[in-house]
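Just below is one structure, and these are the notes that go with it.
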Amino acid sequence: MADTALPTALNLPMLDPLPEPTQKYFDVCQEKLGMIPNVLRAYAFDIEKLDAFTGMYNNLMLAPSGLSKLEREMIAVLVSSINKCFYCLVAHGAAVRAMSGDPKLGEALVMNYRVADLDARQRAMLDFAALITTASTTIEEIDRERLRLVGFSDHDIWDIANVAGFFNMTNRVASATAMRPNDDYHAQDR
Amino acid sequence: MADTALPTALNLPMLDPLPEPTQKYFDVCQEKLGMIPNVLRAYAFDIEKLDAFTGMYNNLMLAPSGLSKLEREMIAVLVSSINKCFYCLVAHGAAVRAMSGDPKLGEALVMNYRVADLDARQRAMLDFAALITTASTTIEEIDRERLRLVGFSDHDIWDIANVAGFFNMTNRVASATAMRPNDDYHAQDR
Amino acid sequence: MADTALPTALNLPMLDPLPEPTQKYFDVCQEKLGMIPNVLRAYAFDIEKLDAFTGMYNNLMLAPSGLSKLEREMIAVLVSSINKCFYCLVAHGAAVRAMSGDPKLGEALVMNYRVADLDARQRAMLDFAALITTASTTIEEIDRERLRLVGFSDHDIWDIANVAGFFNMTNRVASATAMRPNDDYHAQDR
Amino acid sequence: MADTALPTALNLPMLDPLPEPTQKYFDVCQEKLGMIPNVLRAYAFDIEKLDAFTGMYNNLMLAPSGLSKLEREMIAVLVSSINKCFYCLVAHGAAVRAMSGDPKLGEALVMNYRVADLDARQRAMLDFAALITTASTTIEEIDRERLRLVGFSDHDIWDIANVAGFFNMTNRVASATAMRPNDDYHAQDR
Amino acid sequence: MADTALPTALNLPMLDPLPEPTQKYFDVCQEKLGMIPNVLRAYAFDIEKLDAFTGMYNNLMLAPSGLSKLEREMIAVLVSSINKCFYCLVAHGAAVRAMSGDPKLGEALVMNYRVADLDARQRAMLDFAALITTASTTIEEIDRERLRLVGFSDHDIWDIANVAGFFNMTNRVASATAMRPNDDYHAQDR
Amino acid sequence: MADTALPTALNLPMLDPLPEPTQKYFDVCQEKLGMIPNVLRAYAFDIEKLDAFTGMYNNLMLAPSGLSKLEREMIAVLVSSINKCFYCLVAHGAAVRAMSGDPKLGEALVMNYRVADLDARQRAMLDFAALITTASTTIEEIDRERLRLVGFSDHDIWDIANVAGFFNMTNRVASATAMRPNDDYHAQDR
């Protein structure tokens, strides 16, 4: 049977002890979120890999952008919904509920984003993220023009593509390794 | 018409001048590869994004691993073949030809990896990478066991999942932005 | 804009007043569930259609069967997950959480049933329901044998097929008419 | 080997004797159609299930509607063609041939409805039924508007959705149980 | 509106007069079959194309082979069923009914070959033809071994592949040009 | 292990000696191309089959047509790219490189034709060929009109459909028999 103390189905325990900066980072997580997200614990068997992951994650999700942090989380949930990734739907579904204060929005993005109450800009953003996820090879200039028409800059388009691309990576890593979401997410912000 | 001096269809020119460490990195590329890969030029409108990308890329493709560097490139080409990403097929197809000294292997991975002359270990590795790409949500313990049976460790499985996941990201970013591969790749190592 | 007082996007208001037996049935719903499920309000423009629907629904979901009521709700959620039906995922996801006392089970069935903690019998039941939903034309005797091997009778197989079939109907009716789930479901039994 | 006296692959024989109202209903079938359709024999192991099924079936296919009875049968055949359900294609293909007096129409709906000689209204009706069958989650207001534009009322749209939904149920039940169509259908109305 | 005197939606009338050998061939068709199949009329705007087509067709369907002529027609119908080609289903469905004396077999192959009453050899043959049609790129030695195990020679495997391949061509030509089957087929051998 | 002297995985050696006209034809191939394409060696176990194949091939690819020979090769590569046929991608990819003098065009058609630098006429031609390959049953008059709008005659449409159809045949025959492309193609015209 799987060792449920491990964050994935792979036998790759966290370094013990963790290097000091990592331990501090985890302590901050624990304090702010009430938990250390299992995705961080999963990468913590190799600190260089953990740092590369958090470096990219934090840039994409937290750096200044024409997309709000909530919008980036909305893309995360939509992409994860198409890829049916349990870990990411649980964790980022909770983030959408928390950031939006709208539990129904989180549910709609998990289940079928077309029923969500979105303005034209957010709908175009999610349509593009869905297209990137299911049929990226078909994307042509007309698809980027649709985004420009509702007000997105080329920098925004880059960010949409990179956030959507990133969750197409993490969805697959999480599913391939049976990554387990922290139980605490389920009841949050309902 | 698109400005073909830009590496993608987005109007996001490189910083000019580049920060010194980036310029040095690009100079090394130019010297070693005879070119600066367009993917680096594409990210160079924002050095933090470039550094996050190269940080993850270099860890995945170059750090010590139970997978050889050629095997990681083989995964790159297979995933890109499924996603039909022109940029990545051209660039990483060339890498497989160069590293393997076997132009036919590069072509087979671009076209249909099932016809390539692979041993059981590499075939299992590519089958898992294909599964991650097309149906990650269906992955279960039995799929990981298939890898262990041909000798992969849990650390190796992590690496296969992460390399395959990474190219599922970059394929989508490249296709969504119409990233153009450097022309030099086409004739290399044929 | 859609009239959100209506349970679907179609302009088909409930009969007013409702016939007495229907009104009584709705009063019971209100008392027991704290709401009248919108699917009932949607059918109530035509009492014969409502009665035909509830007749079949109540027989399938409540009549004696080798499948527990929870198991029938589990099939409902799995089928709705494949068909990405917002109404049914919200309403029956809540039912699974309530009946099982296990919010995580409800979430897993909404998101990816393969990660749920199921015994062999329930897993085979859901695999068959998934097969009915995605590829019914391929079903052969071997697929029914898989169910018999884990202990299901032919009567049980009939019930699995009919419950799974039923939600393939209602998912499509709900999606085609933009049926809105009652808001109360979202926070229940989290 | 399967007992071909049974209407499906499941060992669920008809009640014997049948309750009097059921026997009378079957006698009427025999007299009018020259046979008892096997779908009725299949449900007759449990009269409540049979009555629930016939209650819904008769309401959908025979009750007053803006759709003619032939049009409802056309939807039945189209949906069954997409789901490749042998039972329903044989039985309802025969019904289309009989009701329309046009054997070629029956064949076209079985094989590829796009080649059938349809007016714009019937084509829109079948396009919507096809969409419900293959991609119900994508349906939005614009799809309903297409139906209104060719003259369908909201009540008609409800009926199209429900008839198409119903055959998405019965196709799956028939395929999952290997329901056998009565041989008599094959030569009828050719 | 289309000129229904033409066998397809393209304005490519038959040569008039036909060259003598072609006219003789058509006279034989008329005498033996009671019609000139529209596929021949469609190619008769260019006799070299007609001769190339009939040359390949007659070799595949009529030359000595380990597959009976009926078996080759069975492959034709199965492939056409997957591709949903109206012309080929009508014409070759009639051929299966005529050659087998079993109208039900013709219908089953049009609708869902898995319900047809086939021996292991014919089932393996049709499974391989289905695989060629839907996923030829996945075929490996094990798939050919399945055919050898039920008694097919390598020559037979060549013939199965070529007959299945041929109808993947003609299905597409017929659908792309809206080729109309002769009406006479519909009532034949029911 | 497979006998790599044979052009496919089937044990069907060439006639020995070949009939004189066939031997002459092969001698011409050797002289002009520097090789005998393995597809010809594969059919040469039965000269009637070889002649039927070359008769159709030569008519389609070499006879006068509104499509240039290069355009017909472009269709060949695009169709083979969708079907992921190693043999045809290698052989006809080389032909596109040779005929066009543009190695990048050959690569783009192998990898993702949407990135190729095509005029509206060639793009419409390839879009139609792609549609024939992936969804021929959906083709309607509007699809043919798109071709007429960019200047194609009905004769040209016939030729596009037949060339695209033909490679849907040969792709499947080549994949089903594991046909091996001649090694010489790989380095040609890079």
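When the chains are written out, they are named A, B, C, D, E and F in that same order, and each has its own residue count from 1.
Here is the rule we use: contacts are C-beta pairs under 8 Å (C-beta built on N, C-alpha and C of every residue); 3 or more make two chains touch, one makes a residue touch a chain.
Because the structure is predicted, anything quoted here is derived from the model rather than measured.
Within the contact network of the assembly, the step distance from chain B to chain E comes to 1. Distance from chain C peaks, on a Cα-centroid basis, for F. More C-beta pairs touch across one of D-E and A-D than the other; that pair is D-E. Using mean Cα coordinates as chain centres, the one most removed from chain B is D. Least-squares overlay of CA atoms from chain B onto chain C yields a rotation of 120° to the nearest 5.
Between chain B and chain D, the centres computed from C-alpha atoms are 51 Å apart. Chain C and chain E have Cα centroids lying 44 Å from one another. Mean C-alpha positions place chain B and chain F at a centre distance of 30 Å.
Between chain E and chain F, the centres computed from C-alpha atoms are 22 Å apart.
Shared interface positions of chain C, i.e. residues touching 2 or more other chains, are given as 84-85, 112, 137, 140, 175, 178. If you check each pair of chains against the touch rule, the ones that pass are A-B, A-C, A-D, A-F, B-C, B-E, B-F, C-D, C-E, D-E, D-F, E-F. Residue ranges of chain E in contact with chain D, taken from their complex: 81, 84-86, 89-90, 103-104, 107-108, 110-112, 115, 175, 178, 183, 186-187, 190.
Chain D meets chain C in the complex at residues 2, 9-12, 45, 48-49, 51-53, 55-56, 59-60, 63, 83-85, 128, 132-133, 136-137, 139-141, 144, 154-155, 157-158, 160-162, 164-166, 168-173, 175-178.
Contacts from chain F toward chain D in the complex involve residues 137-138, 140.
Across the interface of their complex, chain D is touched by residues 112, 114 of chain A.
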